[in-house]
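So, here come the structures, one by one.
Same chain, two partners: chain A is paired with chain B first, then with chain C.
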Partner chain A sequence: MRHGKYPFVIGFLFAPVALYVTFVIWPYAQAFQISMTNWRGLSAPQWVGFDNYRRLLDDGAFWKAVQHHGVLLLALPLITIAIALFFAFLLNVGGKSSGGQRQGVWGAKFYRVVFFFPQVLAVAIIAVLFQMVYRPNESGLINGVLMKFGLEPILFLVKPNLALWSIIAVLVWQAVGFYVVLFSAGMASIPGEIYEAAEMDGATKVTLFFRVTLPLLWDTLQVAWVYLGIAAFDAFAIVAVLSVDGGGPDGATTVLAMEIYRNAFVYSKYGYASAMGVALFFLTLTFAALTLRLTKRESVEY
Partner chain B sequence: MSITPEHPAALDRRTVLRRAAAVGMLATPAIGLLGACATSGSDGDNEQVAGGTKSEKNPLGVKEDAAIEVVIFNGGYGEKYATDVHEPLYKTAFPKAEVKHQATQAVSTVLQPRFASGNPPEFVNNSGEKLMDFGALVADGQLQDLTELWDAPSVDDPSKKVRDTVVPGTIEAGSFNGKPFVLYYVSTVFGIWYSGKLFKDNGWAPAKNWDEFIALLTAIKAKGITPYGYAGANAAYYQWNVILTHAAKIGGTDVLKNIDNLEDGAWKQDAVKQAATAWAEVGAKFSDKSFEGLKHTDVQLRQNQYKVAMYPSGDWLEGEQKKDTPAGFEYQLMPVPSLSASDKLPATALRATAGEGYFVSAKSKNPKGGLEYMRQMLSKAGAKGFTEVVKAPTVVTAGSEGFAFPPGVASSQAALKAAGQDVFNLYFDGWYKELDTEARTATNELMFGRINADAFVERIQKRADAIKKDSSVTKFKR
Partner chain C sequence: MNPQSTLPPTPAALPPKTGDPSAPAGPGRKGPRSEVKLFAGLGHVALAVWAVIVIVPILWTFLAAFKNTSEIFSSPWTLPAELRWENFGRAWTKAHVGRYFLNSVIVVSCSTFLTMLLGSMAAYVLARYKFWGNRAVYFLFVSGLAFPVFLALVPLFFVVKNLGLLDTHTGVVLVYTAYSLPFTVFFLAAFFKTLPSSVAEAGMIDGCGHSRLFFQVMMPMAKPGLISVAIFNIIGQWAQYQLPLVLLSNAKDKWVLTQGIADISVNAGYEADWSGLFAALTIAILPMILVYAVFQRQIQAGLTSGAVK
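== the complex of A and B ==
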């Protein structure tokens, strides 16, 4: 039956590859092509070369968005990973040990499910939910309480220097659950004997965390960092639904995807929007390559 | 005309990204998204039908059995007026013709691909948050010139041309560089809205000049009610509309014409600066900082709860808020008050226009049929039927005769009458979307106290200059 093997394998490979080329590679290639034109969505586009890219260089909104990605790129992974690690540690090894087996804090199983909830919700729902939470008057979840106590309401999404952080908070809230689960899985595969030995040597919980858990989780952390970095290049849905005036006030929360959306679907400048998309593509690619290179190190065998 | 703000559909791309990352392809789907709706550029297989014989009943020479396809934006006005009034009128006039009806809430999503592939429907109600860019459609030659329609004899009186049956300014509102391409069908009046009941109960009267206005705002504030407000989160254009209306009153209608025509220094005209200064004070003293984070419906609801006294909008407001308005609320319109005795226009002057745009696709199979559909819409029966269904006045002068409007629209119609010849309009927001966006942002900055009037005009002027220099943007003049 050997003679039928190759057609069989090729047949199986062909469909997915064709689909991938048609729906992923080809649109990409087209986007590169469109970015060199002044296409406005209707008639045949005209070739303008690198004109769109030259425009990008002195587009204030574009640079603002890039700057925000810089902030997101640092803040989102750092905060999310820190919180997720802390929670995961408590859930898996933070409690007492019984019969030589490390345990999480009381109710760990329940918390694990609760932490995962935000991950199940659609991003749009989360954004709408936080509209209610952040509402700047007495009908807001937070401000309603504050105003009951006679305090001034906090203008979360309105104050330019607070708005971006309010959005980052939502992104973190939304992401933490997934990484708690990811890190929990990583921690579960660390042998209990290592902890036991360390404890016998008199290690505190803090030492356990920094000297045992963290080094043994390095690979997982690296993956988390790349994922969160890519998420930091997106953030479109949350910004679009949540922020004032789509990326406002005055561009204080805008991201590249938001500017792409605006240029394409509000201004009908598809060519220019594609140029932004290509810029975003290279930014993401550079980030991923850099991260993988910089975080490369020997993994610990156990 | 109630162009509601953007609510881009949320895309969950995290999953896509994760999977893409897993196979080593770090995707940024935004550009893939754009590529996916790429050009085909072909003209499709669209052969236009031949014309029919012209007659008194058929002055445009429509082929009597040719089908037409009607696409209606299913928004504030619904689709019932089309299915129950206009389409039956067309069917009655041309019983052999098939009228295909389609309603949508996302016009561009449905139609963009059809225009790109050269197979557009005959008649389109281009409106709502996802309307197609009129300027781009015109620049691309997609819209049928309506001159023939306006010069055709009207349905009710063959001795009268269609252009003589509509409110003055209707044709201009839909013209681009002097050529009519769009039929704006609904009469729209802009102003500041208040509750007749609230004002009556407190003995307040609408203000005519600025001193009265400030006194009124102060009195309302003393009552513990927020005197004035608009929603910054998505409806800042309601407020730039007030500022520019005010500027037109101060400096005459040329102020707006200069702005529309992108004249040098148009935004820096003294009238615009004076208006911005005056309204910045209202924003600082008589509004609420939290409104910047609210959507238009939120602030409108607060007005219905008597927590906000005055709110700027057009006369679609009453219909839009119907569900939330308490009994006896009684919407009333007050024109933007004048600034001083040296204003060029009287206190009664206001911005009014025809709203809700309809067009005929030039590259559709049966553009004549589309024009005829418009002619039927503009008949007395068509206009009356529309007004009865949606409770809004049309541009057809005879269409709302004897119709009892609800208090808000009645008051705006009265104000329109009182304004006489002093009615003006502006167009830049429809022509240059980017300038609209910049004006919205700057308005929020101004009204919520982050910049002053000088910086306000400075930054919008800068964007206007940039657009003027941008060769890729089609320019319009009036």
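== the complex of A and C ==
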């Protein structure tokens, strides 16, 4: 029917597919292969089968990194979603209602703009910024104030049991604004009549939130959970820049991406680093599968 | 932003509407009303506190950029005694923030352009043409959404190296583009599908070729979707840290902003040039604030529509 369709299709697809296969698909495929070798970059790689994976099982740094992903995976979405939901509710339906139109509290527009702002800053830049904020002496934003009041400085990034939480706090700081806007978009599509009818029946704001907003926002919450879960697996820039010597002190904040980077580009253990990459791949896959199974909705596809 | 009240009002909702347009919720009982006040009051406090938490570190950075080192240590919270613009000069020339900034602009504008061009071409063909292997190619692209970049990091390094593109902007641009394609294709394919085919057919009848149809009819019609994805890609590529760290490690004059600032922060410790670091941070942050202030509506809409899809 349409003449010249195939030349056109091939012409349009050639460059994108070639680029994508060269830089994405081909490296991924190779990664699985390299993970089965003892390649260190100089001599030819030797096939060692599952040796790298066996070594992973005894690697303390690897397990620490996995454990930190577990903490991140729980804490980051829970804290971010809780704060963002609360703010989004205030900004959209927290105020008065007039003529069936739900309104946010006074200044809602201003808050939405300000909260979202950290989202447009690069994580690496934010990490440097918070290095300054967290500095352990009087030049730090927080400790400068504490010490003015004669208090002991808090060693945010130096104390092992505090360091990871200091990093999570920065991630939350950055993420909240985005999810406020995301949830606001979801809430805006909930018809005002539902709220009005509920209020007629004497529902309080708290009831409105739990009985009306939350159930009708469930799809958006799932999306938020998936996005924050992916972010929890991908915390390289912040850990590399913000933490004490990349994942420290003493591995207290390390993540898999950090260990992969260190093993590959510092120690040149390419085979071992690739095995970690494959492990990360299966962890991500498990997370995705679990999320889809638990939520049981295929809203991800178009 | 506005809540849409497209539904016809239910009979139950009508009476109070006509009664009082501005009265607080609830049919005049005391309980809900005082509860509303308390809730709104607490809410205002929480919102204001969070706004302070977001703004203060950034504002504090801007102030410290004008201080000298002794001021930074002795009075972290006061205004600088004088405006020391030389801090910015030092950051710009000695610490090369100017070059890093320019490099970021070059890399991101090239790779966003290339991503949008190639991504929309592939998405368009995959969305609107039936051919053998269509689904396979589509899923090849979309599967890229699920993979963590770190898995491919080592082989990617060697692919780029073997092509002779290590430590070049060309290499970074091509890699950024390749890794931006999955989302771009995924989002735009859905978008092209929604465009009416009657316009395309009319164009065909008027003797429009496939390529012209795409560039002169479909691209303009897809503008809202293209803008959303472009914003998403610009912000994502501007924030990249991992890829340039690996691909540009030995060419300091090619470094991008994120990489450069992270490096300056390490060196600032040795050289005790804290005010220079604050100035460098300010130079990195301020343009983003200005761009965001101008385009905040589009940026918010663009990023969240990308997320919901």
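Simple rule for what comes next: the second predicted complex is superposed on the first by the 285 of 302 C-alpha atoms of A that agree within 3 Å, B and C clash if a C-alpha of one lies under 4 Å from a C-alpha of the other, contacts with A are read in each partner's own complex, and residues count from 1 in each chain.
Keep this in mind: a residue touches a chain if its C-beta (ideal position, glycine included) is under 8 Å from a C-beta of that chain, and two chains touch if they have at least 3 such contacts.
Treat the numbers as computed from the prediction; the structure is a model and nothing was measured.
Of the two partner chains placed by superposition, chain B and chain C are both touched by A:Tyr270.
By the touch criterion stated above, A:Phe156 is placed in contact with chain B alone, chain C being left untouched.
When the two structures are aligned on the shared chain, A:Ala231 is found in touch with chain B, with no touch to chain C. Counting the residues of chain A that each partner touches, chain B and chain C differ, and the larger count belongs to C. By the touch criterion defined above, A:Leu19 reaches chain C but does not reach chain B.
Looking at the shared chain after the overlay, A:Arg293 reaches neither chain B nor chain C. In the superposition on chain A, contact of A:Val244 is made with chain B only, not with chain C.
Comparing which residues of chain A touch chain B with which touch chain C, the overlap comprises 23-24, 26-28, 30-31, 34, 122-124, 127, 137, 227, 233-234, 236-237, 240-241, 256-257, 260-261, 264-265, 270, 273-274, 277-278, 280-281, 284-285, 288. Listed in rising order, the residues of chain A touching chain B in the complex are 23-24, 26-31, 34-35, 38-45, 48, 122-124, 127, 134-137, 153, 155-158, 160, 226-227, 230-231, 233-234, 236-237, 240-241, 244-246, 248-251, 256-257, 260-262, 264-270, 273-274, 277-278, 280-281, 284-285, 288.
Within the complex formed with chain C, the residues of chain A that make contact are 2, 4-6, 8-9, 11-13, 15-17, 19-28, 30-31, 34, 83, 86-87, 90-92, 94-102, 105-107, 110-125, 127-133, 137-141, 144-145, 148, 173, 176-178, 181-182, 184-185, 187-193, 196-197, 199-200, 202, 204-206, 220, 223, 227, 233-234, 236-237, 240-241, 256-257, 260-261, 264-265, 270, 273-274, 277-278, 280-281, 284-285, 288, 302. The touching residues of chain C, counted against chain A in their complex, run 1-7, 9-10, 12-13, 16-17, 21-27, 29, 31-32, 35-36, 39-40, 43-44, 46-47, 50-51, 53-58, 60-61, 64, 72-74, 76-77, 118-119, 121-122, 124-126, 129, 131, 137, 140-141, 144, 146-157, 159-160, 174-175, 177-179, 181-182, 185-186, 189-190, 193, 204, 209-211, 214, 235, 238-242, 245-246, 249, 257-259, 261-262, 264-265, 274, 277-278, 281, 284-285, 288-289, 291-292, 296, 299-300, 303-304, 307-309.
If you check the complex, the residues on chain B that touch chain A are 6-14, 17-18, 20-21, 25-28, 30-39, 41, 108, 112, 115-116, 130, 133, 136-137, 139-142, 232-234, 236, 288-294, 433-434, 437, 440-441, 444-445, 448, 450, 472.
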